[in-house]
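Sharing a structure below in structure tokens format, with a few things to ask.
Labels A, B and C are assigned to the chains in the order they are written; within every chain, residues are numbered from 1.
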Amino acid sequence: MPENKILVCEDVSVAFDGFTVLDHLNFSIDYAELRFLIGPNGAGKTTLLDIITGKTRPQSGRVFFDCSGTQVDVLRHQEHYLVRRGIGRKFQTPAVFSSLTVFQNLAVAVSYLRNPTAVFRAINRQDFAKVMDTLEKVGLTARSEDKAGSLSHGEQQWLEIAILLVQESKLLLLDEPVAGMTRPERERTGELLRSIGNDRSVLVVEHDMEFVRQFANTVTVLHLGKVLSEGPMELVQQDPEVIQAYLGHNKARVLQDASAAGH
Amino acid sequence: MDPSVIIVQLFNAMSVSSILLLIALGLALSFGLMGVINMAHGEFIMIGAYTAYTLQNLLTSALGDKTPDVSFALAIPAAFLVAGFAGFLLERLLIHRLYGRPLDTLLATWGVGMVLQQSARSIFGAPNVQVVAPSWLLGGITLAPGLVLPGKRIFMVLLAGLCLSGVYFFIYRTSSGRRLRAVMQNRDMAAALGVATRRVDSITFSVGAGLAGIAGCALTLIGPIGPTLGTNYIVDSFMVVIFGGVGQLTGTLLAALGIGFFNVMFEFWSTAVVGKVMVFTMVIIFLQWKPAGLLALRTR
Amino acid sequence: MNSVNDERMKAPLILEGTAAGPHATEPDTRNAIRSQRHLGHVALQSAPLALGLLALLLAPVFLSDFRLSLLAKFLTYAIVALAIDLVWGYAGMLSLGHGVFFGLGGYAFAMYLKQEASRGALPDFMSWSGLTELPVFWAPFANAWFAIPMTMIIPAAVAGLVGYMVFNSRITGVYFSIITQALALIVSILFIGQQPYTGGTNGITNFQTIFGRALILDDVRLTLYYVTVAVLVLSFLLSRWLISSRFGWLLVALRDDENRVRFIGYNPAHIKTAILMFSAALSGVAGALFATQVGIISPALIGVVPSIEMVVWVAVGGRGTLVGPIVGAILVSAAKSSLSEGSPDYWSYYFGALFIGSVLVFPQGIVGGARQLSSFVRRRRPGYRRV
């Protein structure tokens, strides 16, 4: 496994009922990198996340995750094992435990670690502090005793990110983290992602081009199950292939098309 | 072992499978479509059987000795209609109100089943009653000396085949069927495209209930019937649904054949009890290997 | 899950989820205020509980022997109902096969009672079925101290085996319900079919003594009654501790979103198997107490129909609350025994209606509904502020 890579996908192919979703895909992420993954609907973005988290098994290819020096063969393990090794995921539609309080959501997430009997004991001081810090970070402290189901869409997204944070995931996979957020909420989320990206690896799937433009350093464009282009946003935007395949012929329509395609 | 015994056993297995298939089709359709399991489904079988019984009693004074011949032929469509109408009522009055609460639906429909069973007991009495089989089914086809396929069993297989073709035609060749498949795959999208999902639910559920009614009618051929007729078959047909997977007719067909076959085979080798235990164990073990059942729609 | 369901779960969780006081370890003013309120809360909640317990303790003074034995039977049902609620009301898995676990416990202890009644001879039903020797697996049950743990171990083992296979292949929802129902069917017909070993349709009955003392003696009956009350109280406290621990939150989390539980690193199959096993063990103890006090355990008491009746106790009392199932089991069983004394036929209609009504009209059950009513009243009282 190459130096400095936290995740490497080699030659990964997936097909559903004969329809190719990922086509000999090669893809990797560095340590402490904030990466954006974009592409039109059906490009295979969510499927790629499914594979990295062990939810879907590809027909061929290899996927490795670097867990502090030990190499984890992703395709040989179940989802919960990979989560414990440090691959965390936020789903496209926010998945939180709606009849638990915000605090309880994080308290069950923080307790799986170390040993299985931890869930029978009260939360310890460090974990409690960690939960409180994280709540502060995502701005949900005031709502810690409310049912997660009563949070707004945007707040549920933050709670789900907070779950990954208390778990100290090494690689965070975020599927459309700003969907349904207001502009100020998006700003805050962007800042949050940047700060997380300082010491962890973050892969963000996003349709909101404005958001991507604002916060992305490196962007990977997926098209028809292959990496079409990869690099800094400015360069990717200039790539004629990307413009041709994804953004459409008319550059002026780029913005509307891309965000319209998302929903 | 005598080969003719094996052939007769295999044929028995096939007729058992046919009945299971008729029952399971309705369950599988409504489960695939609405995600609900109807615990009163067995009572549609019972309704179909008592329809045949009632029809025979009503016609006796008019037709005398000829009654069974005529009434049974009439009983099949009648059972379909009566059970189908009962299904329609159940869907409209209860199941629809519990949409999105599959476990609650399961409990409520069990209650409906209890009420229906008790009603049958009040109307027809607790003891089993006998429907006289029509004379045109009494013989059999002699394949070889000592090897006779009974006419009743042949009829059951043919009947199931006919119903399956009908359902196949309905689902894959009619516009109602197209709407049904659309709702099954994506309810919200279908609704957005103008499919009247309520109507689709209602029709499908009624058809499924009607098929169970036909199964009940067919069951009058092989034994007496009683208020709890349905409960004897219902768990097996649940197993068919689980085993077959949801969303494709072929899965249900294969599962019905498989479970009917193994039931008869295990029963033949040991006892009916061991047969049931073995089939249950097999299904559980099978699910370890293919959790979604034999054939299930694979989507992203 | 739809909004109706969500609403239903809110009330009990406010009351019971906070009982653990996760912040109790972290003293600050806000928590101090909370814990004051919390005390009031606990007092309010505990008063009816204490009254109920007092009523159970004093029941032998007021009830005739016949009524007391009925109550004892209902209390064993209450334990099963509590066990089902942990699995269904909290973790969201509707089991239609708890009769099996109840029955396995009952049979395990009946094997002891029967051998003691036979005084070293072959149990009567075995000789009727042509057995000449005691089956090997019966022998150790002659010892009560072997049989008692077995009333928990056997049901838990069956629950563990079936549960793990089912959960490991990610079978959930109605699929799980159907499979547990099939289990109830299979086990009951298996017990009917194995007459020489299980007593067949008649089950195991005609017990005489327990620990050498006649079961018909008043003080033995009274002791058994109090043992039943003690087991019920213990099960209640254990369940309350369990659901207010983080494990309990995890159960609710499973009900809300099983996939998310998997994606915070737990294997849902393990958690579900664990709670099912615990629930099965409780049911097994209940079955043993039932067999001892009612004097019989038979396939008709453990099959498909009794299993689903058990679920209705929970639904009527109020799923997702711990008091609800106990209330439901006692009320429904009491109604059944008084109504079916008069006209057994009509009981089916009532019971069917109870199924439909408990789902359609009052899905929160008696206790859930009462709690909602009381919180509604409190909220309207001036000066009340929601915590």
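Basically, contacts are C-beta pairs under 8 Å (C-beta built on N, C-alpha and C of every residue); 3 or more make two chains touch, one makes a residue touch a chain.
All values derive from a computational prediction rather than experimental measurement.
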item: Most distant chain from chain B, judged by the mean position of its C-alpha atoms; value: A
item: Distance-to-centre winner among chains (Cα means, whole assembly as reference); value: C
item: Centre-of-Cα separation between chain B and chain A, whole angstrom; value: 47
item: Averaged-CA centre spacing for the pair chain C and chain A, given as whole angstrom; value: 42
item: Inter-centroid spacing, chain C versus chain B (mean Cα positions, whole Å); value: 34
item: Touching two or more other chains - residues of chain C; value: 1
item: Chain C residues within the chain A interface of the complex; value: 1, 6, 9-10, 13, 17, 20, 22-26, 245-247, 249-250, 252-253, 255-257, 259-260, 262-268, 270, 387
item: Residues of chain C defined as touching chain B within the complex; value: 1-2, 4-5, 88, 94, 162, 165-166, 168-171, 173-175, 177-179, 181-183, 185-186, 189-190, 192-194, 304, 308, 311-312, 315, 345, 348-349, 351-356, 358-360, 363
item: Contacting residues of chain A [partner chain C, same complex]; value: 53, 78-80, 83-84, 88-89, 91, 95-101, 103-105, 107-109, 111-113, 116, 118-125, 128, 145, 147, 149, 163, 167
item: Complex contacts: residues of chain B adjacent to chain C; value: 31, 35-37, 94, 97-98, 100-108, 110-115, 117-118, 121-122, 231, 235, 238-239, 241-242, 271, 273-274, 276-277, 280, 283-285, 287-288, 291
